[in-house]
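What follows is one structure encoded as structure tokens, with my remarks underneath.
Which chain is which? They are A, B, C and D, in the order written, and residues in each are numbered from 1.
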Amino acid sequence: MLNLVIYFPLLAAAAIWLGCRERGTLARSLTLAVICLETLILFGLAMGGNTLSLDAEWIADYGIHYHLQLDGLGLALSVLSGGLAVVAMLVGWERIDRWQAFGPLLLATLSGMVGLFAAYDLILFYVFWELMLIPMYFMLAMWGDPDSRRSATQFMLVTVTASLLMLVAIILLFIAHGVQTGIYTFDYGILKQTPLIGNTLLSKLILAGLLLGFGVKVPVFPLHFWAPLAYRKGDPSVIIMLSGAMANAGVYGLLRFTMPLMPEVTAAFAPWGMAIGAIGTLYGAAQAIRQEDLRGVIAWSSISHMNIAILALFAWQAQALHGMALQLLAHGLSVAGLFAIAALLLDRKRDGVYANVGGLYAQMPKLGMCFLFFVVATVGMPGLANFAGEALILAGAISRSILWGSVGAVTILLSVIYGVKVYGKVMLGPVNPRVPTELWDLNSREKAALTVLIIAILVIGLMPQLMIETVHLPTAELLAVNIDSLFGGVHAID
Amino acid sequence: MTDALVTLPMMHHLLWLIPCAPLLGALLIIALDGLPTRAYGVIANLAVLVSALCVALLWLSGSWDMPVQTAYEWMHIDNWLLDVGFRVDRFTLVMASVSAWVGLLIHLFSTQYMRHDFGERRYFAYLNLFVGGMLLFITADNLILLYAGWEIMGLCSYALVSHYYTKDENVYAGRKAFVTTRIGDTALAIGIFLCFMQFQSLNLESIFQAAPQAPTGMIAAICILFMLGAFAKSAQFPLHVWLPDAMAGPSTVSALIHAATMITAGVYLIARTHVLFDLVPDVRWWVALVGAFTALYASVSAIGQNDIKRILAYSTISQIGYMFAALGVGGYSLALFHLAVHACFKALMFMSSGVIIEIYHHDHDIRNMGGLHKQQKFLSFAYLAGSLALAALPLVTASFYSKDAIIAATYTADHGAFLAGLGLLGALLTGVYSMRMYFMVFTGKARSEIHDYKMTWAMKLPLGILALGSLCLGFIQLPDSWSFGPHLLLPWLEPVLTSVALPEGHAGEMLELLGAAAAVIGILIAWPLTKAEVRSGRGVGNIGFLNKALYIDDLAKVLVIRPFLALCAVLGSVIDGLLLNGVLVAGVRRLMLNAAEVVSRGQGALVSRYVLLMVLGLMLIIGYLTVQL
Amino acid sequence: MMLWHFVFWLSCAVAVVCSASLLFVRKPMHGAVYLTTAMCALALAFYLLGAPFIAMMQLILYVGAIMVLFVFVIMLSPLQETFPLQLQDRSLWPGLILLILMLLELGALLFGGLQVDPTTPQIIDSKAVGELLFGHYKLAVEAISTLLLAALVGVMYFARHLQRHQERKLPEQQEAK
Amino acid sequence: MNLLAVLFVSFLLFAIGLAVILVRRQLLFVLMGIEVMTNGAVLAAVAAGQYWHSADGQVLSLFMMLVAGSELAITLLLAMLSYRYLKVSRIDQMNQLQDKLDKEGQLL
């Protein structure tokens, strides 16, 4: 079953690529069918609530296992990825050309993501990580604004560099663990049993490598420089996947591979990590306020929200970690909603630059309401998904460090500034004379895409307990790494 | 008191309907597409009616001692035990009644007032959501749910203030309202998280029980944060700047914001968490100071306004200031009393002002009005009732009983004379501006064309009820020092909200007299003032200092907003522009290019050079072998 | 034995001298002739070393196939220019100097410290070679044969290119006329 | 037989071939130089094989010849094509694949 959910999209991608050379519409329908099926299967598994696992020797000489384990957290994130892929397809239905190429790439990325969330071996994780990234480059470069090539190349260079650093860190970890215990293995299950002891230079290097490798993807505050450009220039459908689903992989990696594998050094870093998360959150929000176009605002808001997750991660505390899981889902949904709005505006030949929009609500009230809904979700309105995540994160973070938790909480204020500003500039105000008068409101396909997101956001927001229970087991397992004893340093810097 | 007129044990299970009926109403209005426009108004009215009836049932059944209902578990992680739960006590019940019933009247009024207006469906959805948010806020039994209601109100204020969204300034006003109150929300949120950190619980009851054992510093921090939250929501100095601008929305929205919901939420918040505030009287004193100062400041500003709605806005700020003054000296029930009274006359005045503005063809300037009394008798009397209540005319209006008690109560606090002085001065000015407004609008000759406006029963009924309330609500609680008359409210609230000791004997009588005198003098000043203004065409409204409300708003723009935006810009250009993209990205790029150039020149596609290098390599290898062997 | 030494070293000398003359000849055709001579001389040397099979192969493959190819190409190539040696080209010197240095090192390496017993050459006939070839090295033989096949395909591909080029050229020339 | 002397001859051949490549930069001469080098290597292989009384040397040299043959078949044809298409006969003129960067770092 596990192999099926991982490789089904990949095989389908190959089949579609080979089978639909010239038939774009067929490829589009098939891709949608495959993604829907995959998402439904994943959703069914998630509802089942069991942890799937599979363990086999792979490359015995180096202790590399073919070890897969998909638990509640991984399943939730996988379902999110699948759902976002559906939304990305629906909002790009007419705009994206050459589906015979786009569909397989999307499927391959999806396959990589599901595999990554399931991988229980570091090398396997790395393989899926790359499988996820490389199709993304092509999607970024070949679709999107005319000048998206450059940003895509930058994305590729940065992420590849980062993932190489990550690979080096993984190998160093392998060696360090081997030296410490005598067991040379990449298997996460085994590594987890005997975490790396001590705050040595080597473990610091490993942590740095992992932080850089995963942090770029998140993107963590000073490593975010590639993101605004890529988010702004790429096709919104692609960006839905990139920002909504793929960014989660970075946080997921940090969650899995830092604290549990080397608690001491990570705990020593944790105050700094919280500081980075809090400052990054504010910085992202402050930059979002400055932007002059819709996609720029969304990009920065996404950066801001992902940094809250980093704040939670390094707080390493029950509420914060559960909140982080919720936040990943909520951020994925809400940012996907915003980018979907951007995509729909792009379908109507509006690029979202403030000078070219304004007063669109008069023509498109339904789109406006959906837009407002996503903005409101993004700013953390109680009852919607993001609030559940943010409240838990901030409560947890404040319990751990009053200073950084409070600094992070200022995002409550800043997010609303950019949120209502962008909504007002795009949708409200006097009708911009440059806006053509024959814009159509949502059609049924667009409604379907947005409704999926809205319902998901509402359900998670009103009944977060469902999600909390789904992710509770893995989170509790992670929290078994008790760092309270290691956490002396945090209060010291308050 | 506990004898129930109607026994309804089911009431405990219907608590959820109080906030949820309007919320569901809003949802229905959004979800149901294609109904005739009137139907949305009906749905909205019915939804609020349901919760108003629920509140009434609570009264009738006499179940005001802590019915608690837990709907479902919202989030539960370790000790973060968060239910969607509702709780009602005596104090909550009063507040919920005000919100629900005044809200209902405003809804009823809106069905006529907003007829053929623009975006009716949207308007009613938000209106319902607004009332729902407020009731959620009131009935919540834990801090997060309370915060949820609080935030929903913020959103609705944004949406409703910028209801006429085609004008940039309206959109800006909505944004300003949302953002400014959000400053307070942030403080409140941090306060809530601190509460959680300290008490490991979010439930109000358990927090109140554990509070006395908590360290004072922490309680003080939490109280300060809550206080900031309340100040922003209730538009207290200096976070009041959003309220005058928020007049951009329809008048009924202003009525709702000022009377029944959002503005009063701050007062309710502090009263609700009074257990914490009682522990730190020093912090609480600051509440009183800010309240009293705001009361005076806003009255001064109100005098200088010409826009009828802005006058009302400043009057609200001022009246809420009195409530905060009461809260700050521990007179929670007094604040609640004044809140209820204020809700009546303020809703009345705002709704009437909406009609007035329609009549004068959307001109807000009172200098262009006048002479309306002859055309609209009913409106004139209703408005007069409201104005007199605002001015607190002794004996006959309700706010005489509520406001003067507050002024008297402030006298007992530290530096009480100063606080009471601020309050008395404010009361004097209140009389001036409130009656100036009435005289300018209704008396004299018409200074511009008066349109016909026919008020139907759906408009007259709410106005009538509210006018009656403005005049008579005070009779349920005559001053303590009076041996006769009913004393219903404060003793009844005593179990929940401790009342404050009023000054005894001489000082008390003095204050009472002074308060009454201030109101009367204010009203008396207003008449000649208005006469002079009408005659000369120039009056207090032309004093720029007053008209701009002491330039606080512009000051905020210069001191806060611009520096903040500049900071954002500087941070962005330094960190992203210079460091990351300038140094890092461009630097790496430069490095790579240079390296590529060097390497590229090195290879140059010259076969002979490759051979040369090969020979060199061979030579080195052989040389190595030679040395080794 | 004396005769063996004489003939062997003579053939070696011929090979070296003929190869060295490649450095100086002007016409490619002359170079090809010198190279053929050198290869024949080497074939003789192989024979004398006791490897008759390789000696024959040297004749068949090198002289019979490769050199014929060379000659074909020289004859087919359109430009019949001569290429004099240009020693005055400065860029040649570093290479030559390095080469001489390398030779010196080689000399030092070979005659410096190595002690190798002289042996008399024994004949290892084609049978032994064949057994080894199709026994131990059979995989390598397969690889080589694949390589040859690839070369064959490659050559055919390029040759078609050549043909098409000529065909394209012909009409142009006719038009020019 | 003195192995070292034979090896020296083979090295000499190799060096001469290298010298030809270095000095004569015409394609045909370069190819001839390569052949000389290969021959030197073949000689070394045969001599070493004979010294150890093993047929491996001969097998190796046979392989070398075959490889040299196939290599030459292709390169000669390429040489001919380069005469025809590029009109060059000197290897240092054959630098069409050289990297040329403009100021912005893009390949021209």
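What we mean here is this: a residue touches a chain if its C-beta (ideal position, glycine included) is under 8 Å from a C-beta of that chain, and two chains touch if they have at least 3 such contacts.
These numbers were taken from a predicted model, which means no experiment stands behind them.
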Chain pair, B-D or B-C, that carries the greater number of C-beta contacts: B-D
Separation of mean Cα positions, subunit D and subunit B [Å, integer]: 89
Rounded Å distance, subunit B centre to subunit C centre (Cα mean): 97
Rounded Å distance between subunit A and subunit C, as computed from the means of their C-alpha atoms: 63
Computed distance of Cα centres, subunit B from subunit A, in Å: 36
Two or more partner chains touched - positions in subunit A: none
Subunit C: positions in contact with at least two other chains: 95, 99, 102, 106, 114
Contacts with two or more other chains, residues of subunit D listed in rising order: 18, 22
Category of the chain touch graph - line, ring, star, complete, other: other
Each pair of chains that touches, named by its two labels: A-B, B-C, B-D, C-D
Footprint of subunit C on subunit D - complex, ascending: 1-4, 6-9, 11-13, 15-20, 22-24, 26, 28-29, 31-33, 35-36, 39, 42-43, 46-47, 49-51, 53-59, 61-63, 65-74, 76-81, 83-85, 89
Touching residues on subunit C, where the partner in the complex is subunit B: 91, 94-95, 98-99, 101-102, 105-106, 108-109, 112-114
Contact footprint of subunit D on subunit B as seen in their complex: 589, 592-593, 596-597, 600, 603-608, 611-612, 615
Residues of subunit B touching subunit C in the complex: 608, 611-612, 615-616, 618-619, 622-623, 625-626, 629
Residue ranges of subunit A in contact with subunit B within the complex: 154, 222, 224-225, 228, 283, 286-287, 289-290, 318-319, 322, 359, 361-362, 365, 369, 372, 376, 380-383, 387-388, 391-392, 394-395, 398-399, 402, 405-406, 409-410, 412-413, 416-417, 420-421, 424, 427-431, 463-465, 468, 472
